[in-house]
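Following this message is one structure expressed as structure tokens.
Order of writing sets the chain letters: A, B, C and D. Residues in each chain are counted from 1.
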Amino acid sequence: MAKREYSFYPGCSSQKGASSSNYLVSVQTMCEELDIQLNEIPDWNCCSASIGYAGGGELPRLALSARNIALSEEHNPGQEIVATCAACWLATRETQERLQHDQGLLAETNTALAEAGLTLKNDAPIKHMAEVLIQDIGYDAIGAKVKKPLEGIKIAGYVGCQTNRPFGIAGESYENPKYLDKLVETLGADSIPDYEKKVQCCGGALAFSEPEKSQVMIKGIIEAAYDHGADMIVTPCPVCQMNVEVYQDQINATHGTKFKMPVVYYSTLMAVAYGRSAKDAALNGQVIPAKQLEALAGK
Amino acid sequence: MTEVVATNETILVVGGGISGMTAALEAAETGKKVVLVEKRPYLGGRVSQLYKYFPKLCHPTCGLEINQRRAKMNPNLTIVTMAEVTNIEGEAGAYTATVKLSPRYVNDNCTGCGDCARAVEAEFDDEYNYGMSKRKGAYLPHVMAHPMQYVIDPRIVGSDDGQKAKAACKYDAVDLDMQEREIKFPAGAVIWATGWQPYDAAKIQPYGYDRFDNVITNVEFERMADPKGPTGGKIVRKDGKEAKNVAFIQCAGSRDRNHLYHCSRICCMASLKQTHYVVDAYEDAKVTIYYIDIRAIDRFEDFYQTVKAMDNVTFVKSKVANVITDKEGNPICRGVDTEGYHRYENTHDLVVLATGMEPSVAKGDFPVDIVINREGFIEPDAANGGVFAAGSASDALDVNRAVQHATGAALKAIQVVNRVARAEA
Amino acid sequence: MSDMNKAMVEKYRNSFLSEVEANVEEGEWVKMCMQCGVCAGSCPLGDAWEHTPQKIFMMIRAGKRDEVLASDSMWMCTSCYNCIVRCPRELPITHIMHGLAHYAKRLGIVPQGQPTAKFAQLFWDNLIKKGRVNELKLGLSLYFMNGFGEGIKTSLKMKDIGLGMVKTKRMNPMEMLGGHAVKDLSGFQKVIKKAQELEEARLAKHGA
Amino acid sequence: MADDKKFAGFICTGCGIGERLDAGQLETTAKRDGKMATCQQHEMLCSKEGVQLIRDAIDKDGATHVMIAACSRRAKVEAFSFTDVAMSRANLREGVIWARPENDDNQETTQEMADDYIRMACAEVKYMNKPKMSGEQALNKNILVVGGGVTGMTAALETAAAGFPVHLVEKTGALGGWAAKWHKRIPGRAAADGVGNGTNVDLPMPMDNDVEQMVAAVEASELITVHLNSTVTKTSGAPGRFSVDITTESGSTATENIGAIVQASGWKEFDASAIPSLGSSNADVVSNVELEALAKAAGDGPIKRPSDGKEVKSVVFVQNAGQASTAEGHLPYHSGIGDLIAIKQAIYFKAQNGKDCDTTILFDNLRTPGAAGEDFYRSGQQQMVIFSKGQVGEVTSGGNGATVSFKDLILDEEVKLEADLVVLDLGMVPNSGPDPYAANESQEGMTDEEKGDAKAAAEIAVPIDSILNLDYRQGSDLPQLKWGFTDSHFICFPYETRRTGIYAAGPVRRPMDIKQAQDDATGAAMKAIQAAVNAGQGSAAHPRVGDLSYPSFRKEGCTQCKRCTVECPFGAINEDEKRYPMFNESRCRRCGTCMGACPVRVISFENYSIDSVGQQIKAVDIPDEFSEKPRILVMACENDAYPALDQAAMSGQEISPWARIIPVRCLGSVSLSWVTDAMNSGYDGIIMMGCQRGDDYQCHFVRGSTMAAERMAKVGDTLSTLNLEPERVIVHEVAITDIERAPRLIKDMEEVVERVGMSPFKF
């Protein structure tokens, strides 16, 4: 298989010492195994993650993502842009589409970008890493690399919001996407196809400002996973991962629950299934350890 | 198989549902030669699958019986079933139609005695009941089917069952060697009456039709109410529980840019009608209708008022956001009543999706040049030449409007063939 | 009342709908709502909304300007996009909610102490400073946004979470000292500034 | 002439008939009891050879009367189509072997059933004749269209396009009707293929009014004769030979021979004075019709309000004014198009008075159905028209013009909205003539005193002008189904009226807009042309197209009781100057209600008569009182009850072995004499199965089923005089879907007989 190259937009949370730095580690491991080369967009900036709206108007927010696309087009020409973070992917793709449909806004955006000597062509395809896996690599190729099937592990596929809406993965429904389940099965684990909270919002955007409200939603997500006998939850979104994982103690304190549900990235699962070390799989990044995966990785 | 004898004064009617039958019969009863081409093995289309009509709550098969009798008696009318028009070439007054005939594997010798069906063992989903029951591999599509001839399912043709069917027939009516064939014949004018199909409810993901047993469509519910239907007329769920608390979700697919742009017109009235089924079946029935606008157009208004006045019927102005189920499989409708903002999570026994009407022929699949709108319905246009839409191929229409429209279409076609006749005279 | 707010009231005396159409991101969609309520029912945080999106659209048409703009409701949006994908009229509801929030912010009529309004502003300020978000600073500034006393309480409450994150190297206390930034920071800031100016100019033209 | 008759019987032994029944005995029965000159068996009578056997008997042996004993008369119709002879069919398959269990215990009764059906079919055919044309026919291609609005003009143009001449009669001095007054039209089409969703996409907008072009086309047509300032002052005759007096305002009358008629008499605006709370006395409260005039007067400039000529800056549309309401004096129905009109008119304001003109539509349920409707709603929204779900309380004067008080149902609050102008969505009232049956129906159940009051009230009331001035025994105009709409079966057969050859079209039939009216007019023109063609051939109109028989009567027996002329559901029968009935063949639908009405049994059809049924009843072999084999006569409507019984047998249901079922054209054709004859000849029970009657009648002949029920209500007296229990005779409403119920009803009668005992009248 020839090496695949993508222009990579890691996003703020993937940076070293940031909340999903573990995501990046496992993604890098996964890409090594799948012969994917990620060329980071030089000097990328924050996308404002659909929360910058109080301070930033429409055009400034569009300009953020436009700058990233323009940088990619300049430095990684001809390469599809790939993001691992749902919010990054969404903001970038949304910007691209809005500017494709509104020539006036596009002109203004380019005027702004010119201040930094940039021009936006706006035609580089923008993908989520999940699309790369499903559409470019395919389940068969993903499965072929499995060295340690995740046998006996029951995993709830939690897709969340922004990886799923409004764009989602081609061929999947907004209400009942199945690709995480398929991936889980491909890696040899047991999926929970009728996990009813797979697209429930975790309230990530309001986790800081309205913690009580978002934690009620998180509680439902974890509870349903337990109801289905899940050993862990897998997600493609760094906001979801963090939100669902790290507040469990608080939720336990508030609601009297006894949650201790590991929440992992698909890339973590893949790194383990591909026989890589716990470190390569970033299992040390779990606030709630995924013990079954640790055991498997340690074998 | 029926021989098609046609000239440029012949009217070709495509589709044998209520609109096509009406157009064909009105023209034939005015002395015109008509060829009626129907894709199914029988006439009547969707109407034959309805239990009652709104607003009279009378039975569609009553009118169907009259129309079928008209068809049986009329020497001007040639009916070709299991046939699809694949191409129409030419111009008004001089068309050539190409028609693909699918094998019925049963010839005109069939007396309708049913020996073949008794001999055959294989069973398949019954299309007539939208797959809610099974039928044999040799079958009469329904008890009023016209032509009253059995059909052999192609899936048993090469099997023992096929041989059993053949052996059982005393009249040499089973012909397993029948092949698909193509015929071409002339026509002066074409009436396009291919009608509609229920919108694929599985595409309306928030309602979980593909996930929940107790979310069904209005066309399925209609079969359920019919004593000839899969439940013998009982309003029950798949698990056998009586469905006394029934929700109707209007605009399931209609008025929705995710699905059908148009309002399907009939679904409000259909749900009001089906409310009667529930209320008539159970004394302690409870019906909830979730709607955006109730469109009981003009003369149907009092039908709405009657249902509205029922104590056990609730109208909620709300497009249901989504349906979930509880552990017993009871569907729960979630949403907001927009009249005054009331959030609800209502548990029902059964949810009926008032699915809309989608044109039967997909936009790109017309075998003839024709002007269509964005919904895929045929627009009247001079560019259509001698091709005229009838009934629901032209818009989402209820039966009376479809019949009205089809009657007009018959005259449009007659105008063309009369011009041909005058030119040839 | 801010000057801008006064000017807008004056200009769009009769039609709040027109005001929204001209000044709010994706505001031109508001007129297309057919009041089905699917957005209201689909919102995961629905209970928290005093006015649901669909009701806000009706209020806009009914000219309830102050009630809408001073409302807490649109700040409840979690950007989950449920409403957008289900809306039968394709209204970009999430964006309209963001747009209304932003417009209210510009006009200076956000409810006192609205936490998301504060957080969203902090987030923006944070990212503009370095071009990338500094999660730690963002978090801390957030905890202290309601004053020092509240901040300490919140910090203590969040202490365990912070510890967990630090332990797993998903939070770096050293970030306080600097942290990640774009290299062409001045270029970045110029782009954003220009974008702000262009938008101001456009709206001023509408607003004139 | 009896001497010319030659009877031939045929018995099919296929489909199990030969195995289940003794065909030899059936043949004997046909010859001995049925008096068939010949009787042949065939193992598959519907096959080519079988049919040829019959054909040969007719062509070579000169058979004139053919009895076919095989499957139901509903099956193999095309095969057994011998239009040149009289034919009857004995139903041995669905009617006997499929309806009875196959075992030895039942063999005897099953064979008896079959023998009886053979006897009955033989008796029936014996009293039938092949219908011959009366000779009074000639093709008259002239079509009369009454009403020169869009509907009438369309009907005229479409008729002419098919090559049929038209007389178009218009009451006023100009063609065009209401539509000529409209500023613009509802577009009536959906967005074009390829148009997407959006806030500024190419959606249909109000269309230019093209009525002038229509008028020009009508005037240019060589086949259309326009009669302006004219009304129809007399219509006599029948389809194919209507004689119509067209009288001008000045009093001159032309008489035209007409084949068939389209009545396109249109509609009237609902009288707003019935809804005073909506401010109808305020000059700045106008109807949607009045607004068209204001908009038209404004040209493309700003619309001004009536009171002071001020340019309108705010307008409120109050939908459903006095419509869809059960309140006294309101319309129980709805125009159905009022919301489309309001959108159209709101767009006038946006286009002519400026984008900032406030336009609010207060609706209850927005009725914009179909593809075109929903796109026009979007179109209005794109133009910034405000739609509010509101319940209007009242419209008061004050403020700038008028104030509308309403409850905003979404925001759940009471609102007062001031506007320069208020537009009321008023309903459309059909412009029908007087309903011939209105007096009868409203007086049902009244005391004499009340009837007197009603009569007095009727005398004071302004009489409604007749549209057609029919010279018919049963009144001057088309009967009305509901609320003034002049149709009779508006779901399955929307054009059917109760006057053959006269078809209503446009808003007189149901409220509709221009596009629908044009479609509707085209359909009505189709029916009129068809009626003219069929009348020219002596063939009946729907639903018995192709039936060449017609009612005839023996004048010498007639007592001039007038029951036939009164009870005919289609007003087909007039009275001549000597007060004998005049049947008007081409007005007749061949239902036989007249035959059922006639107390002296003088009315008959060639192929359906007192004898053709009465002799079947008599042909049944009645076992003696002690045999414990009762006989139950079932007379079943051939369209619904009979097919239900057929389908019951096809679905494996049993039918009582005691039943002898006779299909009748309509329960209305059932003569009381058949019932008394049956009782006298020893039947133990009689069941009549007809269609639902009443407001939502399902009887295809409209009143047939009702008439039968009324007549049979009196049969109890007759039974009492015979000392028979009244429950031996019963009338049931049976639908075609009553597959399970219909056999059960016969079973119920078995139980009745068991309870009250066998008839003492067995000989």
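One rule holds for everything that comes next: a contact is a pair of C-beta atoms (placed from the backbone, for glycine too) under 8 Å apart; a residue touches a chain by one contact, two chains touch by 3 or more.
Everything quoted here is computed from the prediction, not taken from an experiment.
Engineer: Using CA atom means as chain centres, which chain is nearest the centre of all the protein shown?
Structural biologist: Given all protein C-alpha atoms shown, the central chain works out to be B.
Engineer: What chain is the most remote from subunit B, judged by the mean position of CA atoms in each chain?
Structural biologist: Chain C.
Engineer: Have a look at C-D versus A-B and report the one with more C-beta pairs in contact.
Structural biologist: C-D
Engineer: Between subunit A and subunit B, what distance separates the C-alpha centroids? Give it in angstrom.
Structural biologist: 45
Engineer: I'd like the Å distance between the centres of subunit C and subunit D, where a centre is the mean of that chain's Cα atoms.
Structural biologist: Taking the mean C-alpha position of each chain, the two centres sit 63 Å apart.
Engineer: At what distance in angstrom does the C-alpha mean of subunit C lie from that of subunit A?
Structural biologist: Centre-to-centre distance between subunit A and subunit C: 23 Å.
Engineer: Considering subunit B alone, which of its residues make contact with at least two other chains?
Structural biologist: Residues 206, 255, 257, 317, 322, 338, 341 of subunit B touch two or more partner chains.
Engineer: Please set out, as single numbers or ranges, the residues of subunit D touching at least two other chains.
Structural biologist: Within subunit D, the residues that touch at least two other chains are 197, 366, 389, 410.
Engineer: For subunit C, write out the residues touching at least two other chains, lowest number first.
Structural biologist: If we look for residues of subunit C contacting two or more partner chains, we find 34-35, 55, 85-86, 89-90.
Engineer: Which chains are in touch, pair by pair?
Structural biologist: Result for touching pairs of chains: A-B, A-C, B-C, B-D, C-D.
Engineer: For subunit C, which residues are in contact with subunit A within the complex?
Structural biologist: Interface residues on the subunit C side: 25, 44-45, 48, 76-82, 84-86, 94, 98-99, 101-102, 105-106, 110, 115-121, 123-125, 127-128, 131-133, 135, 139, 142, 157, 160-161, 164-165, 167-172, 174-175, 180, 182-184, 187-188, 190-196, 198-199, 202.
Engineer: Quick one: which bits of subunit C touch subunit D in the complex? Just the residue numbers, please.
Structural biologist: 14-15, 17-18, 21, 28-29, 31-32, 34-35, 55, 58-59, 61-62, 64, 89-90
Engineer: What does subunit A use to touch subunit C in their complex?
Structural biologist: Those in contact with subunit C are residues 12-13, 15-22, 43-46, 48-60, 62-64, 67, 108-109, 111-118, 161-162, 165-166, 174, 200-201, 203-206, 208-210, 213-214, 217, 242, 246-247, 249-250, 284-287.
Engineer: Enumerate the contact residues on subunit B facing subunit C in the complex.
Structural biologist: Touch list, subunit B to subunit C: 206, 251, 255-259, 292, 317-322, 334-338, 341, 343.
Engineer: Along subunit C, where are the residues that touch subunit B in the complex?
Structural biologist: 34-38, 40-42, 46-47, 51-52, 54-55, 85-86, 88-90
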